[in-house]
Structure formats: C-alpha cells, structure tokens
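Sharing a structure, written as structure tokens. Questions coming.
To keep things simple, chains are lettered A, B and C as they appear, and every chain counts its residues starting from 1.
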Amino acid sequence: MQKQLTKGNEAIVKAAVLAGCRAYYGYPITPASEIAEAASLYLPRAGGVFVQAESEVAAINMLYGGAAAGVRCMSGSSGPGISLMQEGFSYLAGAELPCVIADIMRAGPGLGNIAPEQGDYNQVVKGGGHGNYRTLVVAPDSVQEMADLTTWAFDLADRYRNPVVVLADGFIGQMMEPVEFAARATVPAPPAWAVRGNAETRKNLVSSIYLEPDCQERHIRKLEEKYKQAERAEVRFESWRTDDAEIILVGYGIVGRILKAAVELARARGIAVGLLRPITLFPFPSQPIRDLAKHAKAFAVVELSTGQMVDDVRLALAGRTPVEFFSRVGGNAPSAEDVLAFLEHTFPDCLPRPVAGRQEELIHG
Amino acid sequence: MAVNGKPDRGLVEMNAEECKGCGLCVEACPPKVLHLAEALNHYGYHPAVYAGVGCTGCGICFFVCPEPGGIRVFRLDAVAAA
Amino acid sequence: MASYTVIHEKAEAFYDTFERKAELQGQTHYCPGCGHGIVSKLLAQAIDELGVQDRTVLINPVGCSVFGYYYFDVGNVQVAHGRAPAAATAVKRSRPESIVIAYQGDGDLAAIGTAEIIHAANRGEPITVIFVNNGIYGMTGGQMAPTTPLGKKTATSPLGRDALNEGYPLHVCEMLNSLEAPVYIERVSLGNSKQIMHAAKAIKRAVENQVKGLGFSFVEVLSPCPTIWKMQPVEAKRFVQDEMAAIFGVSNLRDRSKEAQPRPAAAAAPALEDLPRLLDLVNGSGVEGAAAHPPQELDMRIKVAGFGGQGVLMLGEVLAEAGLEAGYEVSWLPSYGPEMRSGTSNCHVRLAHHAIDSPLVSRPNVLLALNEPSLRKFLPVVEEGGIVLYNGSEIPEDCVRSDVRMVALPFTQLADEVGATKVGNIVMLGALLEATGMLEQDRVVAALKRLVHPRFFELDLAALARGRQEFRGSAADDYLWGV
C-alpha cells in the first residue's frame, strides 16, 4: 500500500481496524483525542462499534465486556485517564482478556499539562493496579511504528490473553510521518473461551475470581509463567551504532529519535556513542543491555521523566556498569545538542584529546 | 393424597436437603399444610416439610422459596380429577 | 389412583448442581430467607419461558450477586464493582443477538456504579438490568448502602442513618425515569406472595423487551436481607412489604414496550478487501505517483512559527506532503493544545533525502516567522547559513544576523491583495520555494489540492505565484546576506 502522511494517533486506529479491531471504547483527553475521533469515524465504517464512554473507568470496563465477547477491541487515553483505568487493567489481566490500550503521555502529576512527557512509565510498565499482573508494553518511536506496533499489540494481546499498552507520548501521537499500512486486513476468529451469547459458548465463564487460595495461587503462577514466556520470546529493541560504542544511550519513544541525532552529533565530536532503544518496555530488553555492558564503559539513560525506566536499566546492569541519567520534564524535551552537552559534561574522559602540535601547525599553516 | 376419597388438587415435594429452614413457604402457604420439621437436615436446618394432605397446587411456596431446587409443585391431572 | 403433573420445579436455566464448593452443591450461597434466591428463581423462570438460555449472557458484578455464574447455566461474565452496565454495553454491542442481563445489588448499582447505570440507561442500551435493593451491603457484612432507610443502624451508620450526615435513600427508578431513552422501568417488591408473583411478570417483561429488540429495561426489586437486618425471614419479608415499599414506592414508572420500535439490525460488515478504501488509504487520499527516489540531496530542518490562525500548521503540512510526494523522507511535528486556540503556534518540519532521526527541529536551517515574537524567539537557534523568511516589511534592527540569509516581505498584506488574509502562509511558501528551489512546483500544487478545501484551491495557487513573484522582484534576496 502507498505511503500516506498520517498523524500518529490516527495511524493507531487505521492499523487497529486493519488488524481486526471492531470495537473502540474511550473518553476524550488531550493529546490522545484524535484516537477517539478517528475511531468514531472508522470503526462504524468497518462494521464495528464506537462508544464514547462516560469516563475512562467505564471505557476500560467496556473493553472488558467487549473482550469477553471475543472481539478485538481497544481504547486510547493519556495519563489521567490511564490512572482511572488501572482497576480495569488488573481485572483484564486477572480474567485473561486481550485488548489494546494506547497511552499518549502528557505531563503530570495531577492535571499537569498536555505537553509530552514519559511519566506514565511506572504506572503502565510496572502495573498501577492491584495484584500480581503485568501489562505488555510496546513503545513506538515513529508514526510507522504507531501502526506496526499496534498491529503487533493485537497479536500479543491474543497470544498472551492480556492487555497490551501502546505507550507513546504527545509528540508521537501528534506528529505526522509517512506510513505504509499492512497490505492485508484480517479479522481473527473469536477465541473458544469467549462468551458470545450462543449455544456453543453457553458454558463459558469470564472471571478473575478464585476463591480457594490454592486455586488463586495456581492462577497467579499461570499468569507469572505467561509473563516469563513473554520475557523469553517477545523482547524487541533497536540497537543503533553500538558496535564500537563506549557510551550507550538508552531512551524510548520520541527520546530514541532525539538520541539518534545526538549519536551523530557526538560521533562528529569524536565520542563513541551508541543507542539502545527499547521497543518493548515489558518485557524489558535487560539481556541486550547486559550484552552491551561487556564492551561499553557507561550507560546514559535519557527520559522525559525524573527517572522511571532508568530503574530497569539499573536492574539489568545490577551495578556492573555506571548508569547516568538525564531528563527534561513538564512538557519539555531535550534537544540533541542538550544531550551532547550532557555527554561532554558527564564523560569528559571520553572526549578525544587534542592532538599535540596541531594548534601550532594551524598557526603556521 | 386424599381426604374423604377426593384427591387433593395439588402435591408438593419438599427437598429437605436443600432447605435452609427460612420458613417463608410455611408462612405463605394458603392452606397451611407446610411446617418446619423437628428434626435437622444434613446441614443442621429444620427443613420445611409437607403435612401430606391438603395441597391445592397453587405454587406459592415455590415462588417464595429462595432455593432454586427446594420445592417441586404438582397439580392433579384433569382426567384423574374428573 | 390420582395422577399428578409437575407445574413448578427448578428452572432449566439453573445448573443441576452448584460447584461453588466441594459440598453444599444443592444450595446457593444465599442466607436463609434471602431475596436474592427468589429474584434468581424468577429470572431463571423468565429465561426458560422465553426460550433464551443459549443466548443469555449474565453479567455478575460484586456483592451478594457475585456468584450468579455458579447457578445460571448461561454465558457468564464476572465484572468489577459497579461496572456491569459498562461491560454489558460492550457485550451487547458486539453480540447484538445475545440477551444481556446485568444483575446488580444496591451498593454496586446505586453507589460505586451510579455513573455506569445512568449512562447505559441514557444511551438506551437494549439490555436488561435487575437491581436488587435490600438497603444494605450484605456481602461485606452490613455497611450502609445508598438505599439504606433513614434511621437504620448499620456497621457504618452505628447511630442510624442520618440525612444530615449520610443523605437520603437513593431512588434509582425515579432518577432513571428522568431520562428519555429507557423503555421499561418498574419497582417491584418481595414483600408478600402477591408482590412476588407480580415481580415475576415484571422481570419477564424486562427480558422479553430485549428479546424483541426494544431498548433499556430496568427492574428494581425491593428485597429482604434477614441476616444483616437481624430479622427472622418472615419478619424481614414484612419489613419489605411495610417499610421498604413505603419508602421507595412500588409501581411501574414507565412502560413503553408497546410503542417502542425494535432497533434496526446493524448493517452487514463490509468486505475486508474494501477496508483500505473505507480507511481513506486509497483513491486520492494517499500520495499517488510519489517519486521513488528523492531528486536531490536535501536536509531541510524547518521551523514555522506565528500566532494561531496564521496557517502555521497548514504551511508545515503542505511542505511535508509535497516533500513526501517528491520522494523525500518527511516529518511534521506541531506544537499543540492551548496554543492552538490562541497565542503562539509553531511546527517542526523535516525533509531529507535520508532517514530522519529526530523530528524535533532544534537547529533549523529554515525559519518561517509569521510574526515578530516568533522571529525573536527562534532566530538565535537558526543554523549558520540558514534562511529566514519574515512576515514584515523589514527585519527589526535588533534582529539582524549576518550569518543567515534574511528575507522580509509583508506576506499578510500581499495575501490581502491576492484576496484573503488567510493565504499569507501560502504566499510565504511561494517565496520559500523561489528562494530555495527545494521542491518542484507540481509537487506543491498536488499537495495543496489534497490538503486545502476546493473552494480555496485557486486562491492558494494565486498566493503561491504571488510569493514567488514578490521574492524574485525583491531586493530582499540579498538582504544583508554576507554582510
């Protein structure tokens, strides 16, 4: 299919419909509203359902109902709305229901503002709801990835019977880039466990209740094993000019893009810098980070938060390699030049030494 | 059951093992032919029991009973009644 | 010998045995004399009589109604506290043939789930809601409910419910009756045998309405909770008949079953092959005939800035769209939010012959400043050798940089002369194209054709031409350049 200049938020919806999503339940919030707006247009066109819910609490529970009925469904929101959805994430994970939720992050806490931030990492990746569960999280860095990772998110959700979050920020949601959408549309058959209101599925039950402690423990262990399997099978990341890198920058989403520019600037200055960009935040690319630590002198994590993902980098490295941190928050983003300045300041030893004699040569030249 | 050779219009079958002895059927029964037994059932409740005669087959006990399978109500067949 | 036929027995819609626990498989979890058992029985009867057992999906929320799935041999979905109407909405919307029944208690429906029930009712979701109101939190051990009668002592109103502190018992039927959409709203009671027989009819009607495809149907059942009320079952039943019925009123509040029209069936889903068209991915909406390779090496990092309403974002979008068509990698990133409504507005546009790393333009080599504050704000970061187009007759004296190419033209006035102030951005675009030769004219025209309203297309072409012309005729070409 030909490339189309597409807004990130809109790309999510088009990719979702092509992936067989036939229900959208959501509540408007900047900077995610274009998702609901596009869904209100395209879902009905595709023979699907769009409901503007009375709240994010209702929206996530509509997802629960839609998923229980065996339909690929999704929602979209931003930090404050995601906070309200956390109860639902827990129930969805507990009842093993697949669905996709896009979180287009804005600045917090509280009402904060609507400019881009990455402050939802902990509540989304670590799970802001109750109980032993995880959400699978993918983090696009471009509009193309908004589409591609949304497609993948639906497959992951079905495979793991678990909610999957597309975690992006206001930049990625609002910006336009060329996108090539999946050439083929699919609608998977409804899963056997779904409750579809027919004779075939009459005995089915969707529930997160296990009254007996032993049953509950078995259930939790089963979920745990799924998450371990995801850690074995689903880690995705992008490694950029890391082969000879002494310093590994780590950043996801829009920060990954800024860091790519920073890598070029730094290398032009003679600093051997590479980038590791996690594409899945859970499962987190811990092993690739450990592998890079064999050759790298240090890691520098950059986030639009006061330090959330950096904890996972530190956990991966377990103190073996120094981890430095740089951030902008509140809706600000560092420029590539800012990152370079940070690198020069933090790692003066990595700067190339002035070659003796050159000054003189220049003067005389 | 029959009184004076005339069969009762109805018959009620109380499931003593599902009964929790709430007594709602006893209170609601129009002909007052149900009562709570002296004896306890398996779970320790005094179950409702039918006196054996006088049921009209009205079905009220069935509807006031909170247990899904606590009571079965029968009605005298028309042929037999004739 | 007299022969008898069964007229009332356990409904088919119930499981034969209830596997909640290894023992007690003949019994529900309800306490002796509990109204829930009666309501369940009436509901199961209705499902049997309407022949919809296979189609029924029961939504089991939180509270004493949580375990419906152990009893009802129907499709079951257990949901979070208060959210049954939301989940029911989605099941019904996606499976319109199913018979969706939300069975909720008073804490669930009238406290934590108030928003969900009101909005499901207001949307007229064609579902059935059975609301068991016993004025107390039973499952959690007797805390106050929104429907607890005034004066009633509960675990959380130990001195009795006081209107000044806890407000009044919530009348849910009356609230829902203020909405336009519901088809059927009735409050029934389990206070005596006659009321119970009437409740059976109401519950059946509420399910039957759904079978007929009518709208939202709601039955509130005033129901005894002998254990928590600390009453004998018979005494509790009388309390329902005498006290609860007096507080809430037992009546049909609305029955539009006869006049309500069945909802039209959803249109058949389109063929999958048709989806790209329906998603606006083909037929002129995308970039047709885009060049496979960029015609030249290019790395334009453009900052467009001005005040809201000057067409800042649109100017950027035309550049990105034309760039894509010309075969370049492109990105467009807006400032957004309140800035869209007033104040400053800016966007970052990149066009390059190679993959674009950061879509954020921190060191632009093109600045399109549509007003003075934008010039002042972004001029300092323009890369050496870059170009600045400024919307004004001359560059303010203190804004001059000799290491960049600066062009001042009164684009807004020029647009007025073309015919509309709003095309000032396109006049500026014309000047930019003329100054840089970055894009071929036909690529830009094609982009405009796709992006602007047909009504303004000719005007935009004129604006584009005017911009080019003014730039050519302007001494501004070398304005301070290289000085």
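As a convention for this text, a residue touches a chain if its C-beta (ideal position, glycine included) is under 8 Å from a C-beta of that chain, and two chains touch if they have at least 3 such contacts.
These numbers were taken from a predicted model, which means no experiment stands behind them.
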Contact graph of the chains (line, ring, star, complete, other): line
Of all chains, the one whose CA centroid lies most distant from that of chain A is B
Per-chain Cα centroid nearest the overall protein Cα centroid belongs to chain C
Per the C-alpha means, the centres of chain B and chain C lie apart by a whole-Å value of 53
Here the gap between chain A and chain B, centre to centre from mean Cα coordinates and rounded to Å, is 64
Taking each chain's centre as the mean of its CA atoms, chain A sits from chain C at a distance in Å of 21
Touching two or more other chains in chain A are residues none
Residue ranges of chain B touching at least 2 other chains are none
For chain C, residue numbers touching 2 or more other chains are none
Note: in the complex, chain C contacts chain A through residues 20, 53-57, 59-60, 66, 69, 73-80, 83, 86-91, 93-95, 97-100, 115-116, 118-119, 123, 266-270, 272-273, 275-276, 278-279, 281-282, 285-288, 290, 317, 320-321, 324, 329-334, 336-338, 356-360, 362-363
So, in the complex, the side of chain B touching chain C is made of residues 2, 7-8, 10-11, 15, 17-18, 20-24, 27-28, 43, 45, 57, 59-60, 62-69, 71-77, 79-81
Touching chain C in the complex, chain A uses residues 1-5, 14, 17-18, 22-23, 25, 30-31, 42, 45-49, 51, 53-55, 57-59, 61-66, 68-71, 73, 87-88, 91, 95, 113-115, 170-171, 174-178, 181, 184-187, 195-199, 201-209, 211, 254, 257-258, 260-261, 264, 333, 335-338
Counting only contacts in the complex, chain C reaches chain B at residues 1-11, 14, 24, 26-28, 30-38, 40-42, 44, 71, 192-193, 196-197, 200, 226, 232-234, 237
